[in-house]
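My questions will all concern the structure given below.
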Amino acid sequence: MTPVHDLPPVIAAHDLTKTYTFHQQRAGLGGALKSLVKRKYETRLAVDRVTFSIGRGEVVGLLGPNGAGKTTTLKMLSGLLYTTSGDLQVLDHTPSDRKHDYLRRIALVMGQKTMLWWDVPAMESLLLHKDMYGLSTAEFDRNVAELAELLEVEHLLNVQVRKTSLGERMKLELMAALVHGPEILFLDEPTIGLDVVAKARVRSFLADVNKLRGTTILITSHDMDDIEALCSRVMIIDHGRLQFDGGLDDLVRTAQPRKLVRATYASPVEADQLNGLDGVSAVEVSGPTVKLEADRERAGFVMEQLTRLGPLVDLDVADADIEDIMRDLFLRRSTLGDAP
Amino acid sequence: MSTLDRTWWHKQWRHLRLWRRFFAQAVVRETHFRAHFLTTLLVGLVQLGLGIVPTLLLFGFTAELHGWSRAEVIALVGVFQIVTGLMATFVAPNLNRMTTYLTEGELDGVLLRPVSSQFYLTLRWINVAELTNVASGVAVLVIGLVQADLSPGAGQIVQAVVLVGTGLVLLTAVWSAMSFLAFWLQSVNPIGFVFLNLMEAGRYPLVFFPVAVRTFLTFAFPVAFATTFPVRALAGDLGWGTVGVGVGLAVVAMLLVRLLWRRGLLTYSSASS
Amino acid sequence: MNALVRNLRVVRRMTAADIAQQSVYRGAWIIFMLANICMPIISLLIWRTALASGAQLPVDERYITTYFVLLGVVTMATSSWMAGFLAQDIRLGKLSSWMIRPASLLAGFVANNLSEKFLKLFALVPMIGIVWWIFRDSMNIPAGPGRWALFAISILLGAMLVFTIDILIASLAFWMDDVSALVQARVIIASVLSGSVVPLALMPEWSRGFVDHQPFRYTVSFPVEIVAGQLTGPELLAGLGFQLGYVVVFAAITRLVWSAGIRAYSAVGA
């Protein structure tokens, strides 16, 4: 889905910045006493002048290595953290005011933290949400029925949460987060620890929610499959800065990923001379198979060279994994950054 | 876009409904743990008996102490049991996990809800089984009153109930304030322990303590409002003035705790990572 | 190497390691100890008031004051809190990892007990010092080092007695699913019969024979009485004899029950 630019954005951040101030704890009793009297303060820039806007109904992936500022950004958007400077408007609210009228229009799901209550059936948690979000009985029943059907969890609603499996629990978690019909859903690593089947279930459910309800979704994940399956747009944050913001295809184009080529011949070939060619690298020869990486624009030329080596049995050309693209991007940036 | 609560009253109503749900959920939980119910009941009864032992021994050596007879002190032990029972039911299960809320990041999940986070953190969990101690406390109170030959009128009962209420609010405020230190300190787990041990002073009439300690137990750690004053109200020797002071103090205490909570949240929201 | 010497070394090492580990929580220990002295002080104030307003107690103000000031230290110094943890280890089968070590299982328990007491004393003694100073005019201070030495010996015996009773209760976990109610019952019974709530000297006349000779008196009350009270020479000797006797008897029973439990445990292979 493409951003709807004629509508005002649901999230608008301008020069969003967050610095942490912390004092250094000195070791030992003497150190603790000294810290009481005189503290050494240090600041760390977690998010650095980030600007972006997200339209209603978009599904955006927030990517970046650990400690890059993803979670801090998510926490500022959901109102858990104050911003240090810059403007932030979500649904026409300043999130950190945490106005009840704002909070009831958003939801946050954290893959590592359960928000369901352990000892009681999920239905009890849902009923609690009903009162917490002031839902009418009709509205509540309709939402529960719809979500339970989409997630196929009707049979789990009256089971103690502690007795459900990890995958089932994540479904219930999503259900609890969506029962009040939020307009924006923040997801922090929603598929972490799930098996392949459960991951696929969660993804298709999220896609359905986006389509059926027009829910705006902002998702952080380490699993690139999540991003590829759900997001038409990605934002990459590294060292607190927004490094990239655009479509997934654009990312692939910008990163200029190399083509992965694998050629299989009828009999073993000598391919060492390929190494010297412009735009070719990582040549690997094992018997009749040759593997190499080629620059995008040189791909045609490389194919031509390969056909000259001998009779081909099989030729396979693929784009690099999105995961590799990301690794590449971060690597390139940090080497650039470290250069004097 | 319509707002969540049309008026301030709607907001209070929504919170009240939510609290009712907390209670219903606690009852459901309790039915899953029947052994817990029984142990709580038994331990409560034994502790009640134990709490009366020093009083009985004390009045074995004297018929009356600073104007209090044995029966009146027993009535006071009953009130103490009611108050501690109510605290153990509605407040203790929450404040005892303050450190967990702050260090395990559970507070984040609360802050995202359209409810007062202080309300939620102070009243979310209810230990229904402890209500049995309230019941046994009422029984002891009645026994004490009958033995003391006291038959309080409606006005006196109202005074006593209001005073117990203010006492509860004041004690909860003190305990909350102690727990909210968790925003600035590493761990406040043992603080509940200090609180409960100080509470023990409420087993005895205020006049049994030296004057300096009396002031402490009235204004700093106001357990006097929860036990001594209600019993004196039931005995009919307390004016509405004390009740007024109690209500006033309770309001001030609530405002102060609210302020402390806000300060704490400010630290939390700008420092947590 | 002699097994006893080796075990003692293990205890020493483990105690030191435990202290280092636990001292991280020194702030918590201080708060804990603050809580521990609340009860004795409240009781002290109440009984002094009773005396001041003419109650006819069998003991005087000096006894009451000394008794409650020292009560906190002695209760703590003789306490043991491992029954719950040990019972849990037995039930969850965690004992096995301990059993394969070449040191007595006891060494670990003793080390834990000693290290925590060391840290608690560190926090507690200054507080008791302050309370002592406040009530210094009505404290009984025995002349000569003899009584203090006996006090120390008696505390040591008391600590051993509590420790063995604790292990005895925990070892019932070899056969019982849940000993937590039992642990709680012991704490409640002990608090009355050991003299922690009310000095045993104030117990009614009819209960004297029982109260003076039951084992819990020798866990807390007796050591305090050595300093606070006017125990005569023969009473002192008899008391120490009783204390030693109880330690030996409980140690024997505990040993018996424990090894029977270990046999049952190994047989099941939990």
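Note that the chains are named A, B and C in the order they appear, and that numbering of residues resets to 1 at the start of each chain.
Assume contacts are C-beta pairs under 8 Å (C-beta built on N, C-alpha and C of every residue); 3 or more make two chains touch, one makes a residue touch a chain.
This one's a predicted model, so the numbers in the text were calculated from it and none came from an experiment.
A linear topology is adopted by the chain contact network, the touching chains following one after another without closure.
Every chain gets a centre from its CA atoms, and the centre nearest the mean of all protein CA atoms is that of B.
Centre-to-centre separation of chain B and chain C, using mean CA positions: 31 Å. With centres defined as mean CA coordinates, chain B is found 46 Å away from chain A.
Chain A and chain C have CA centres that are 57 Å apart. Residues 20-22, 46, 72, 75, 78-82, 96, 98, 100-104, 106-108, 110, 113, 115, 117, 119-120, 124, 127-128, 130-134, 160 of chain A are the ones touching chain B in the complex.
Across the interface of their complex, chain A is touched by residues 1, 3-5, 11, 14, 17-18, 20-22, 25, 28-29, 32, 105-106, 108-109, 111-115, 269-273 of chain B. Taken together, the chain B residues at the contact with chain C in this complex read 35, 39, 42-43, 46-47, 50, 53-54, 57-58, 60-62, 65-66, 185-187, 189-191, 193-194, 196-198, 200-201, 204, 208-210, 213.
Remark: chain C residues 25, 27-28, 31-32, 34-36, 38-39, 42-43, 45-47, 49-50, 53-57, 178, 180-181, 184-185, 188, 191-192, 197-198, 202-204 touch chain B in the complex.
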